[in-house]
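The following blocks contain the structures, represented as C-alpha cells.
Shared between the two complexes below is subunit A, which pairs with subunit B and subunit C, respectively.
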Partner chain A sequence: MNTYLLQLKRSPRAIAGLTILLLWIIAALIGPSLLPYTYTGMDMNNQMVGPGEAGHLLGTDALGRDVFSRIIYGSRSILTIALLTSLLSSIAGIIIGFTAGYFGGIVDTIFLRIMDILMAIPPLVLAMVVLGILGNSTIVGLTIIVSITYTPATARVARGALLTCKSSEYVDAARIRGESHLYIMFVEILPNTIGPVIVEITARFAYSIMMIASLGFLGVGLQPPTPDWGMMVIENKSLIRAAPWTVLYPSLAIASLVIAISLFSDFVSKVMINED
Partner chain B sequence: MDFLKRFAKRLGFTLLTILAMSILIFFLVEIMPGDVAQTVLGQSATEESVAALRDRMGLDDPLHQRYLRWAGGFIRGDLGESLYMRGVQINTIFWRKVGHSVVLAFTALLFYVPLSILFGVFAGVKEGKAPDAIISFIGLATMALPEFVSGIILITVFAVGLEILPIASIIPIGENLWQNLDILVLPALSITFVMFGYVSRMQRSSMVSVMKADYIRAAILKGMPRKYVIFRHALKNALLPTITIIGMNMGWLFGGLIVVETLFGFPGLGSLTMSAIKTRDIPLIEACVLFITFIFVFATFITDMLYAFLNPRIRYKRGDV
Partner chain C sequence: MKTEPVLEIKDLDVSYHTLTDTVVALKGVSLAVGKNEALGIIGESGCGKSTLFYAIMDYLPVTASRSGQILFKGDDLAQKTPKEMTKYRGSKIAMVYQNPYSSLNPSLTIGFQLEEVSMFHHGMSRKDARQAAVETLSDLHLGDAAGIVRRYPHQISGGMQQRICIAMALLCKPDLMILDEPTTALDVTTEAVILDIIQELKDKYNMSLIYISHDIGVVNKVSDRIAVMYRSEVVEFGNQRTIYKKPEHPYTRALINCMPRAGVLKENTQLNTIPGYVSRRSAAEIGCPFVARCEKKNATCEEKYGMVERKPGHFAACDRAYATDIPDKVLAKEKGAIPEGSEPEHKTILKIDNLYRYYGPHGKRIRALDGVDLTLDRNSVLGVVGESGCGKSTMGHTVSGLMRPTRGKIIFDGTDISVSWRKRSPETLRDIQLIFQNPGRSLNPSFTIENIIGRPMLKLLGIKSKQERRKRIVDILKKVDLGEEYLYRRPKQLSGGEMQRAAVARAFSIAPNLLVCDEPTSALDASVQASVLNLLVDLQKDSGAAYIFISHDLNVINYLSDYIMVMYLGRICEYGMKTEVAGSPRHPYTEALLSAVPDVDPSLKRGEIRLQGAPPNPTKKIKGCPFAGRCHRKVGSVCDTTPPPRVNFSDTHFAYCHISPEVLNAEISVKGIEGIEAAADEEVI
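So, the complex of A and B:
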C-alpha cells in the first residue's frame, strides 16, 4: 500500500486527477445542501443572465434556472450511475469470464463466440436503442442497460486475467486438496487477478461517465427536470450564441470529470502493470 | 493457402454475426411496448381501423414469419416503408444520408490518421522527454472527452468566437454536400479530437518497442541517418498495430457519428437513427442499427484480413490460423 502512495506522490498527473475527482465527489455529497437555489427554481426576473450577475455564479438558463446549481445537482446522478455501472459490469464480467475461462473447452468457445457477436454492435448504439425504446429512463434503468452493454468487454478482460493464473501451481494444489470450483475461482484465483480487475474498473468508470453524458445528450438519459449534464448541453445548444455559459459550463464539467478519472486510471494501470 | 483458409473462416463468422445481430435487433425492436398500428393511427383511431391496419401490415403473423419477411426484404435491398413518414420508402432517404456519413467519416479519417501517426512517432522517438509527456497528456485528455463536449468547445472557438465556420451542418434546400464542404470541418474535427488519443497512443507504444529492437540499434550504429532509420526501418513495423486500431475503431466511429451528427444537425446516418428512435419509427430503427452493425462487423473483418496480409509472420505461417 505504501509503495502505491509513494508512486502517487511522484505522479503529478495522478494527483491532479485524483484531486479533481475528490472535489466532484465532495460537491456531489454536500454541495446541494449548501446551494441557495434548487435545480428547478426559476428566477423569473433573471433569465439568461451572465455569470456573476444577479447572484448567479455561472449565470442562468432560458427559464432562469441557476446553471451552477444544476451542475452541482447533476454531478450526483452521473457519479452514482457511473460508479454503479463500472462495479456492476465488472462483477458480471468476472462471473461470466471466469466461468468460461476456468472450464475451458466447449463452454469457453461458446462464450467467446457469443461475446464476439455482442461486441459487434457499438455499446452506445445498443444502449441508445434500448433506452429509446423503453423510454423514461431512471437511474436504475440506465445503470442496468449500460452495465449490460459493457459486460462483453469486461468478461473478456476477466477471462484473460484468469487464463494467466489458471495453470499456476497454487491452483493445482487447491485442486488436489479437493477444493470446489467456486473456491478455486474466487478465493484462489481472484485475489491474484486483482491488478487487472482494478485497472478495468477505473477505466470503465471513465467510459461510463462518457457514455452516460452522451446518452443524456442524445435525450435518452434521465428525463427532465432532473439535471443531467449531457441533457443540459443539448437543451441549451440553440443558445450558444446568446447565452454560451448555459452550454459551455456543463460541457466543461463533463470534461473536467472524465479527464480527471482518465489521468487517475492511467496511473492505476501503470502501477498495476509494473507490479505484475 | 493458409491465408485463404483464414479468409473463409473469418468471412463465415462475419456473416454469422450479422445473422445473429439481425435476429437480436429484430426481436429487441419488436418487443417494444405499445401497439405499432395504434401508434400509426393515433389514440383516437377506432378498434376496427387498428385491426385492419394490423392485418394489412401483417402484424398478427407469427414472429418468425415477420422476421423472415423483414430479413428477406433486406437481402433483396428492400428496407421497407417508414412508419412515421407514411408511404415513404426507406430506400429513398437512407442511402443519401449514409453517403453523407461516409464522406464525414472519411474527412475525419483524413484529419486524424496522418496527425496521430506523426505525433505518435514523434512521442515514441522522444520517449520520456518533454514532447512525449505533452503529446501523451493531450491525447489522454482529448480521448476522454465525449464527442459533443469537444464539439461544443470547437463551436465556441471557431463558430461563435472566430466566426469562420458554420455553427450547424445544414445543407440548404436544392444544394448538395459538395457545395457545402465547410459544414464537414467542425464535425470531423470533433471526431479527430477523440480518435487522436487512441491512435497516437498506439503509435507511440509500438514505436517505443520497435525502437528498442536490435535491427534498429544496428541501423543506427552503422551510421544511417536517424530520419531514415525512423521512417524506413522502424515505422514500417510500428504501423501494423496502428492500422489495426484504426480499422477496429471504424465501426466505433460510426457509433460516435450519432452524437456528432446530433450536435451539428448533420444530415447523416447518425441523426437519422436518432430521429428514428425519437419518432419510434420501427422499420427505420431496424434499418439504421443493422446497417451500423454491418459496417462495424465488416470493418473488423477487413482489418483482420489486412493485418494478416501485411504481417508476413501470419501470411506465411503454416497450420495455426
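So, the complex of A and C:
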C-alpha cells in the first residue's frame, strides 16, 4: 500500500486527476444541501443573467434556473450511474469472461460469439434503441442498459487475465487438492487478476460518464426536469450566442470529470502493470 | 604461460541507481584473460556475472554507473564513446547469449542472419558472405550446412540454434568470445556436444574465451582458469584444479560442498548448506562480502581481507577455507543413518502397468508416455531421469492426477487411480502430493503462507479449527527451517529457496504417502538446492513416504534416489537400483547420459560418448527402439523395426535393448558415478 502512495506522490497528473474527482464526489455528496437554489427553482427576474450577476455564480438559463446549482445536482445522477455501471459491467464481465476462459472449448466459443454479437453493435446505438423503446429513462434503467453495452469488453479483459493465470501451477495444485471450479476461479485466480480488472473498472468509469452525457444530449437520458449534464447542453443549444455560459459550464463539467478519471486511471494502469 | 592479456579488467565498479537507493553490482573486479585462454566465471544468481559481461560490452542500462579500466589489448574500453564501441562489439569481442531462440530473428532465414554479420563487419558481398557462413557452419559439425542456411530458426532444434549463434559470433573472427550461460537451456547431451565444439574452436580460431555459468561442472569442461564471484566481487581466481581441490576462500569451499557430485550420496554425506541468504549490497558496505554467512570468520577477517596471490597464479581474497581454529562442520553421516534400500519390507505402494498418455488430436498425437511399467516400494525414492520431452513430467502428472492416462493402469495402495483428480477420493488426493518445479508459480501470490499451507489441511484433513491448523502449520514450518514469522508473508516476500521450502511444507502438511517431485530444485541456486535436497532427504526418512523424484540432473538423482529409471521418448530405457544404473550402466542411452554429465571435480573424465542429432519426432509412431537413430552402439536394422526386448541383469536391474545381454554385461565403456567413489572421499569435504 505504501508503494502505491509513494508512486502517487511522484505523479502530479494522478494527483490532479484524483483531486478533481474527489472534489466532484464531495460536491455530489454534500453540495446540494449547501446551495441557495434548487435545480428547479426559477428566478423569474433574472433570466439568462451572466455568471456572477444577481447572486448566480455561473449565471442562469432561459427559465432563470441557476446553472451552478443544476450542475452540482446533476453530478449526483451522473456519478451514481457511472459508478454503478462500471461495477456492474465488471462483475458481469468477470463472471462471463471467467466462465468462458476457465472451461474453454464449446463454452468459450458460445460465450465469445454472444459477446461478439453485442460488440458488433455500437454501444451508443444499442443504448439509444433500447432506451427509445422503453421510453421513460430512470437511473436504474440507464444503469442496466449502459452496463450491458460495456459487459463484452470487460468480459474479454477478464478472460484474458484468467488465461494468463490458468496455466499457473498453483491452479494445478488446487486441482489435485480437489477444489471446486468455483473455488479455483474466484478464490485462487480472481485475486491475481485484480490488477487488470481494476484498470478496466477505472477506464470504464470514464467511458460511462461520456456515454451517459451523450445519451442525455441525445434526449434519451434522464428526463426533465432532472438536471442531467448532457441534457443541459442540448436544452440550451439555441442560447449558445445569447447565453454561452448555459452550454459552456455543463460541458466543462463533463470534460473535467472525464479527464480527471482518465488521468487517474492512467496512473492505476501504470502502477498495476508495473507490479507484475 | 605468461602472455600479454587480451582483456584485462582493473578495479571495475558498477552500481545501479534506483529511485530509492544505490545497489552495487560489481565491486573492485580485477581479472585478466590471456591469449587463447579460457576463463570461467561461476557464481550464484545475483552475484554480478551478467553485469560483468554487460559492463565489458557497455550494454549497461542508463541507470548504471561504471568506473575502472577495461583494457582490451591495451585500449581502455571504458573510455570509448558508444560509436567507437561498435568497432569492438561483434568484430573483436563476440558474445553468445543464454537463450538461442530469442537471439535469432524468427522471420529471417539462418543464412540471411549469418550473412549480415560478414557483410556488416567485413564489407563482403552477399555471395562471399554465404560462402563464409557455410564454411563456419561446417566447423561446428553441422552436417548439412548448405541446407541449414535456407531454414528458419524455428525449424531447427535448440542445440542447433545455439550452434548457429556461436557460428554468428565466430564469423567475425573475434579475439575474445564471451558466452553467458550458453548451454543452460539445453539438454545435457546437447550441452556436452556444444562444450566440445567450443573447446575445439577456441584452439582453431586462437581465441580467448570468457565462459559465464552457474554450474561449475560446465565451466570445468571448457575453462583453464576459474573466477568465483560472490556478491559483486571476485573472491577467488585461479587454476580450475586448485579451485576444486584446495580452495582458499571459504565461500568457494562452501559452494563446492553444496553440489551433489560424484561419490556424494545421501547414505554417506549431508550436503553442505550456506546459512542465510544473499543480501543486496549497499554502496556503504566494505570488507568481505561473505562475512555474514561465513563459518570460518574470526576477528582477523576485516584486516586480512583482500585479493592476494596466495600461490603462483592463484588469487584469493581470503585464505581461511581450511582454517583450523574453527572446526569444520561434520558433513559425513554415520553409516546406516538412512536405512538401506533392502532393509524395509518390500511393500509395493505404487504400481504402474503399461501406461500410455497421448497429447493432441488424432494424427498429430504426441506420445508422451508410450507404455511404462513401474513398481515403487514404500519408503523408497525413485529417481526419474531423462532429457526434455522424454515424458518424465507427464508421468509425474499422471500419477498425481493432473491428467488422466490415455491407457493403462495406476494402482496405488491397492486402489485403481488411473483417473484424473476429479474422480479420485479425498484419501487418494491426500496421499499423493506433488511438488512443482517453479515455487514462484506453484504458490498463489495472493495468499499468505498460512493460507497456502492451511488450505490442504482444511480441505483434505478436515481440520476446522483455525487454532489447530495454525499450530500444525507452525510445526511443519519449523521442520522446513522457516520460523513462525513466515505465517503472514506472501510468496513474493520470500526468496526462491524459502518458497520451495514452503511448497515442501504444504506437501508434507497432510502426511502424504507418495510425493511426486517434478524438478523441485532445477530453478534454484546450488546452495539453495542443497538445503532443499537435505530437507527432502530428512523428511523422507522421518515420514517413510515414497518419492518419485523427477530431474534432468543425474548428479541430483544419484544423490537422492534408491532406484533410478532412465526414460527416453516416453519409454523406459533402463531401471535399477542406484548402484546398478549409475554404477554400471548397461543401456547405451544411460551411458551417453552419464558421459555427458558435467563433473564438479575437473579431474574426472568419463568416456566420450556424444549423441548427435535430436530425439525423433514424437508424433510419429516408432516401430523399433526410440533411441536407435542416435545410438552409438546400434546393432542393425533390427533396432529400427522391432521393439527392444527386456534384458534382466538382476532382480531389480533391467534395460530394453537389442544388444545381447552378454555383450551388455561385458562392455562397460563409461565409468559410472559410483565407480569413483573412493577417489572422491579425500576431496574437498
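Structure notes:
The rule is short, and it goes like this: the second predicted complex is superposed on the first by the 276 of 276 C-alpha atoms of A that agree within 3 Å, B and C clash if a C-alpha of one lies under 4 Å from a C-alpha of the other, contacts with A are read in each partner's own complex, and residues count from 1 in each chain.
In this text, a residue touches a chain if its C-beta (ideal position, glycine included) is under 8 Å from a C-beta of that chain, and two chains touch if they have at least 3 such contacts.
Please read all numbers here as calculations on a predicted model, not as lab measurements.
With the two structures aligned on subunit A, subunit B fits next to subunit C without clashing.
Of the two partner chains, neither subunit B nor subunit C is touched by A:Thr19. Draw one line from the C-alpha centre of subunit A to that of subunit B and another to that of subunit C; the angle between them is 90°, to the nearest 10. Of the two partner chains placed by superposition, only subunit B is touched by A:Ile121; subunit C is not. Between subunit B and subunit C, the partner in contact with more residues of subunit A is B. Shared-chain residue A:Gly178: touches subunit C; no touch with subunit B.
When both complexes are overlaid on chain A, the residue A:Ile234 reaches subunit B alone and has no touch with subunit C. Shared-chain residue A:Thr109: touches no atom of subunit B or subunit C. Looking at the shared chain after the overlay, A:Thr138 reaches neither subunit B nor subunit C. Once the two complexes are laid over each other on the shared chain, residue contacts for A:Glu169 go to subunit C alone; subunit B is not touched. After the two structures are overlaid on chain A, the closest C-alpha atoms of subunit B and subunit C sit 7 Å apart.
Of all residues in subunit C, only 400-402, 421, 424, 426, 429, 432-434, 436-438, 441-447, 455-456, 459-460, 506 touch subunit A in the complex they form.
Per the touch definition, subunit A reaches subunit C in the complex via residues 168-170, 172-179, 188, 191-192, 194. Across the interface of their complex, subunit A is touched by residues 13, 16-18, 20-21, 24-25, 28-29, 32-33, 137, 140-141, 143-149, 152-153, 155-156, 159-160, 167, 251-252, 254-256, 258-259, 262-263, 273-274, 277-278, 280, 285, 289, 292-293, 296-297, 300 of subunit B. Residue ranges on subunit A touching subunit B, taken from their complex, read 13, 113, 116-117, 120-125, 128-130, 132-135, 206, 210, 213-214, 217-220, 230, 233-234, 237, 240-241, 244, 247-248, 251, 254-255, 258-259, 261-263, 266.
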